[in-house]
Each structure stands twice: as structure tokens, then as C-alpha cells.
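Letters A, B and C mark the chains in the order given here, with residues in each chain numbered from 1 onward.
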Amino acid sequence: MNNPQLNKEGKLTHLLSIEGLSASILREILDTAESFVGVAEREVKKVPLLRGKTVCNLFFENSTRTRTTFEIAAKRLSADVITLNVGTSSQSKGETILDTVDNLIAMHADMFVVRHSQSGAAHFIARHVQENIHVINAGDGRHAHPTQGLLDVFTIRHYKPEMHNLRVAVVGDLLHSRVARSEIHALTTLGVPEVRVIAPKTLLPEHVEKLGVRVFHDMAEGLKDVDVVMMLRLQNERMNGALLPSAQEYFKCYGLTQEKLALARPDAIVMHPGPMNRGVEIDSAVADGNQSVILPQVTYGIAIRMAVMSILAGN
Amino acid sequence: MNNPQLNKEGKLTHLLSIEGLSASILREILDTAESFVGVAEREVKKVPLLRGKTVCNLFFENSTRTRTTFEIAAKRLSADVITLNVGTSSQSKGETILDTVDNLIAMHADMFVVRHSQSGAAHFIARHVQENIHVINAGDGRHAHPTQGLLDVFTIRHYKPEMHNLRVAVVGDLLHSRVARSEIHALTTLGVPEVRVIAPKTLLPEHVEKLGVRVFHDMAEGLKDVDVVMMLRLQNERMNGALLPSAQEYFKCYGLTQEKLALARPDAIVMHPGPMNRGVEIDSAVADGNQSVILPQVTYGIAIRMAVMSILAGN
Amino acid sequence: MNNPQLNKEGKLTHLLSIEGLSASILREILDTAESFVGVAEREVKKVPLLRGKTVCNLFFENSTRTRTTFEIAAKRLSADVITLNVGTSSQSKGETILDTVDNLIAMHADMFVVRHSQSGAAHFIARHVQENIHVINAGDGRHAHPTQGLLDVFTIRHYKPEMHNLRVAVVGDLLHSRVARSEIHALTTLGVPEVRVIAPKTLLPEHVEKLGVRVFHDMAEGLKDVDVVMMLRLQNERMNGALLPSAQEYFKCYGLTQEKLALARPDAIVMHPGPMNRGVEIDSAVADGNQSVILPQVTYGIAIRMAVMSILAGN
């Protein structure tokens, strides 16, 4: 089967999910992002790579945070950015998604950043568009959110460049995470020898061990000697169901405290995709502590998005 | 009576409605738009004609689609664009429309793109502003939406340059269409000898024949040998009233199918202002077929808006 | 106690309130604004002073009017502007204000324009951020709205440069005004010898006379021989409470009419922060009359905001 993310020359033309990206394409994105980290530190944080291009933020569900990161990335590349909150737009007049997309292409949009509550929406649009139009998945249902996955991998490689020597623990709600699965895949592809998942059974997908991870239900065991602790966000709405007893209970068992973190390697880094529930999945002392790289993740997220946009536009 | 769209030198200073525009001004707009079609096909889709100018999108009713087209056009001309959804703004604090406008002028806004649910709102603002401020009507009530009319005329001239030889059919809900009346006027002004309207009696304005059109109630008769078929959007809300029996019934009588289109000339083009109700006023096979110029209409819409903005700013 | 608005060199690094600004810093802002008045009158209303900088409009409460003025000012300085209506954003996902701010700083935001319904929100953010990040208070509760105060002072100095000779009357709802108190302070600091307040007792804060003003409850007495009449907006919601009898009654006693204005000096100027309630606190004949400088206030508001942004970015 064709990989819908690659063009005929095998180059990246859409970014839909991390699955299906070879180690060499992953490294190309990470290396390109490295060069954009410096741009944000300049006096004039702008490069003309996408000047005169039109980037469409096509948001079928609201996400100020994600929209902002892509808008900043596109503007630093000098693109014109058009944001459409499609929930409140022509969709309500009965127009199909593809008609909306075709209209924007007719206006010479060059790139679509797509956010949708349903899995596969970005794939659906990518399959439809012409060769010179590029689609970036900015989150679809529980399925994929590849720029988040890439920025996490970038952050790990940045602080721990010897990836073939790492022990990474992913902690928390893997069942509902948009990104955990992709990241595990990316880490494995880039040679990380040991990925652990730590969670109660109710927050693990079935057959999670098939992803090539070691499964732990106990933080004390799972965190022992790891180099990287990736916390996942616990969605509050899960609390109401039968999945979890209470936020307090969860924090006691799976919340990351200084005490639990002490079980990891002394130079271990702590990550979180944000927004954080302080006192639920992570203690403030850890979130703001000197092992935390949570804010650098945000910084590298802009560099990753600039890298993806400039690679797609160039291919 | 003075034409409120022209300045003392007889040049276009506002675009309020197609009525009142001479053939020579219409041709100036269409010819200028022709030169902007190329801009959108360049690598860098930007010209500096409105650099340092402030264009205000003043939307008293929401229309993502229209807002987007003007925003793209203004940005490609290098203007700064400020969007105000005035429904949710100072209006609710009791400020009058003219106070809102005066405030924006005091901030040195150069141009207003006005969308309002009431007929005459753009005229009202245009009458009020100083000489160097320009107003574009982006749709007011059922009255006028002149850039839509102009892009339709541009599209017809583009595909059928011999306008004095054409037969054009306008099909559907003329009663509620913002644009049909203006277009009929523009086509007549530009020398089109025969314009037909095809619709059930309940969707025709009174005395429609005074516009100089031939009236048909039957598609088979009306479409015979026409060069251009302009479908109008059927607003779903009309279905609930007594005006129409049902969407299925409407499609059967007035929906454009391949079969009905075959009655027109073999090289006839099919137009629709969007958003389309596929399966109501138009069949997907026609909408996506090789006689459809529905997406080129959208493309030319950007060129028309760039042309109008640059002509107004230059006069 | 440290002044949170100044950096170690004593230069302005945040604009939080007019209180605490020395006469020399006030004059620096006003003089810088003077130089930006000309920019808005050029063909190309743009200077590259903030090119490549990212200005974040962080609006915890909606205010289209204020948001627009800052957006226009930032764009004329060539900044990239990101607007976040935080009420509808991550806040609702349980993230703290400071986490939201830290995230934007991690994305290399350079400046925050903060609007919040609670007093002290901008101060709170300013205390938190690093040295090279600047915060502008765009209105917090009833407390402060310093750019409004500054533009008023700018306007007075512009029309009445001999400030040590002036009589200024502030009329209306001082109890709920964000700006009246700051302006009185600024005028006094800049040497205005006599500031009067005119209002019913129910709309005056306690101990108002401690601000160094003369208190009047009668327009005829208070307006006598003043050079400047600063009307305040009457918030409609106050009408419903016990504070005021009715809009008609208020207009009769405290609404500014031509008749009452005649008691002031013949060359007195009339100011209002907008949006106006015509027929409540001000009569249309006065608002649109030749002593009104209400629209120039708006114009100078852009210059003041450009001045503040460029001074902060330069320090």
C-alpha cells in the first residue's frame, strides 16, 4: 500500500502520523528543527521561507493552544495565515468538508493545518488534494497528533543524544492519549532500546505490550533507572467515569513527585505535553524543578512546526 | 441624483452595488482583475500595492467564507487586516454604527469591508465617510453583494469572451438571491443579448420580466441552447415554509443533472456561487463535471477583490 | 518598595499603572507618541521597530475596541500579533494563568497586552516574567487602564500645552471608572494646578478629595471657566441599581449640553473615552461639535500605544 504521506519521489508531502515515517525522514525533520531553534533566539525572529504562501488553519474543533503554535510558526516563516473555525462556518450551511477544502485551494491555499475530533480527517483531506498542496495533522480524535510526538522526540534527543542507550518511561493515561502510541513508535524507530509504560490497567489500551514496551503498574518499579519520564495529561472528564477512583487517589499512585522521581537516574529529564493538571498527574515541585524540560518542549514545538512546514513546502 | 459610488472625478470610490456602474467601469474592474489572476499563480503570491494600509473587515453578521476571501485578497496586496465581528462588540455597549466607523477612521483605517444583514448598511457608511476612505459592500440583506456579481461576470467573460453572442440562464431562487438581480444588470450592461431566468413562480420576484429577462418555469425549455447556466443556492430554511414542497421535489424539477444540462449547448459552462447543496439544486456529477467552472469562480473571486481594493485605493 | 514597572536601570519595562511613573517617564512617553502621530499620516503607515517580535494579546475578558487599538499599533510597528481569548481556551482545561504565560514565553513571545476583569492581573504576570519580557496592562477590573489615561493626558497637552495654567473638570461616574483616578494623578504630576470632579455623591469614591481635587455636585458651578471637560462613560448597568434614578434624570443633571458647555472657557475642549452613550452623559451636538476632541483622542491612542510598545521593547 502507498504511504499517503510521501510523494512519488519518496519525500514527505503531508504530515499525518508518525507511523510510516522512516528513521531517515524522522532525522531530517529533527535536524531541520535544530536549525530553527536559533531563529527564535534572534532579534528578528523571522525567515522568508514561506513568504507569499497561504497557510490555512482549518480547525473543526477548537484548540487555542495548538492553533497558536502553528500560527506563530507560520508567521515566523513569513507565511500569510488564515484561520477558519469551521464548526461555526459554512459547514453549518450544509457544505461538505471537501467542498470547503476545494474552495480554499481555489483561493490558492498552499498548506492546511487540520484539527478535527474524528480520526482520519486529515488523511481524508490529504488523499483528496493535488500534489502541490500539503496537509498537516494537528490532532484527530484519539488517533494522531504527530507534531506533538515529534517535539517530544526532539526534546529527548536534544537532552539525551545517545538514543541507543536510553530507558524511557511513559506514565499515565495511554488509553486516551493522542500521542503516546506514536512516540513509542518513533523512539523505537530511532533506536531507543527500552520503552516502559506505567499506568493502571484501566488506562492502558489492550495488547499494549505488542508495541514492544515493558508494562508496569507500579511507579516505584517502572521509574527505576530511567533516563526520561514522559508524563501524560489526565483528562478530567475521565474522573467522572468508572475508570478512576479520584484525582487524589490517582496522584497518590501515579502522580510524579520528587520522591518518586528520585528512583529514576539522577540526570533524568521530566516531560509533559501540557496543559498540566498540577497536583493530579504531576506535583508542582517536579513541574517547576530543575529536571523538568516541560517549557523547552514548548519552545522546540515551534521549531518542529517550522521545520515540518518548510520541508513540506520545499518538497 | 449623485452616484454614491463615484467621486467628483467620476472614478470609483466605493463599491456598493453593481447597479450604477457604467460599462467602462465594469470593464476596468474586470481588466484589472485579469492582471491579478497571475499573481496567485506565482511562487510569492504578494504585491505591495496596499502596503501600510489598514483594511477593516466590519462584519455585523458572521460569514467565514466571505471574510476569508477579503482577508486573503487584502493580505496578498500586503495590507494590514483588522477583523471586527461587531455583533459581539461595542454595538452591544450602545455605540452607534457611525461611532464605531468614526473610531476606526480615527485609527486611520483606509478601507471598510462591510457585511450586514440589513439592506443599505454599506451605503449608509459610505455616505458618512470622508473622501479618502473607501467602502466595499460584502453583502447586505437581500440587496447586493457586488463582488460576487463581478466575479460571476468575470468568469463568464473569461470562458465566453464574445459576450454580445451569449445566452445565459439563471436558475433557482431569484427571490432571495443577493446577487441575481445585479448580475442580470451587469450582463445586460456588457452587451449580453439574452438572459433567461428559470424558477418556480414562488421563487421569482414580482415583475421580474421588467429586468429584461425571459422567464421560464420549465428547465427543459429554459436551458435549451444556452451558453451559461448559473445555478443559485437554495437556502434550506426556505424548505420549511410554504414556498417549496421538499428538497427531493425541487431537485426533480430544478436540480441540474447531466441529463438536463445536455439540453444546453455542448460547450456550456455551469456556475454556482457556493456553498452548494449537492443533490438539491445541483447534482454532484455536474458540480464536479468538466463543464463546471465553480472552483475557477472562487479563484477569480480573489482576483476581483484584489482589483476592487487596488482601484479604490488608487482613486 | 520596588516599582514593578521599572528595571534595575530605572527604565520602564512594564506599563501597569500611571501611578508610580515619574514626570520624566510620563514626558518620555508623550514625546515619543508625538513622533508616531506622523507615522499614521504617511502613505505607508508602518515602521520596522518591532519587526520579528511577537506581541501576545492575552484577553481574559472580551474587548474588541481595546484589542483593535493594540493590534493596529503593533502591526504598524511591524510586529507579529497573536490574539488569545483566554476565557475560551486552556484556562477551561484547568491550566493556571502563569502556566499559560510561561507557555507563550517558551514560544518566545516578547510582549503581553493583558486584559482581565480582576484588579492586579497584569501586575501578577509582570512580577512573574523574565527581564526581557514586557507587560502592558490593557485594563484590569476597576483598577487601571494606563494607555487610556496616557492618551487623555497626551490629548490635553496637545491642545493645551501650557499645563501649569489649566483647569480640568472630570465629570461623571468616577466610582466605576478605570481611568479617572490615574488621570488625576498624571495631570497633577505634570503640573496641572486645578483638577475638579463633578458628580453626584453616589458616583464618587470615598475620600475623593484626598486626590487633591475640588469636588462639585453641580455642573453649573463645576464647569465655570474650565479649559478641559473630560466626560466619563456611564455604564448602563449602573442604571438598574439604586445609584441613579434614570438615564433621563442623569442627562438633565450631568449630561453635557451646549448650554452647560457655554459655562466653560470659550476655547475649552471636550473629551470622552468612548464608547459614548449619546443622550445620557453627552449630547450629540456637543459630541460632534467643534470643541469636541473625542475622535483625536482615538487617533492619539494609537500613537500612545505605539510609543509604549517601542519604549518597552527598547529598554
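Convention: a contact is a pair of C-beta atoms (placed from the backbone, for glycine too) under 8 Å apart; a residue touches a chain by one contact, two chains touch by 3 or more.
What you are looking at is a predicted structure, and each value in this text was computed from that prediction instead of being measured.
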Please report the smallest number of touch steps linking chain A to chain C.
1
Would you kindly state whether over half or under half of the residue numbers at the chain A/chain B interface are used by both copies, giving same or different?
different
For chain A versus chain B, what separation do you get between their C-alpha means, in angstrom?
41
Junction residues of chain B, two or more chains touched:
none
Given the complex, residues on chain C that touch chain B span 40-46, 62, 64-65, 68-69, 71-72, 75-76, 236, 274-278, 295-299, 301-302
Contact set on chain A toward chain B in their complex:
51-54, 80, 82, 84-86, 88-90, 93-96, 99-100, 102-108
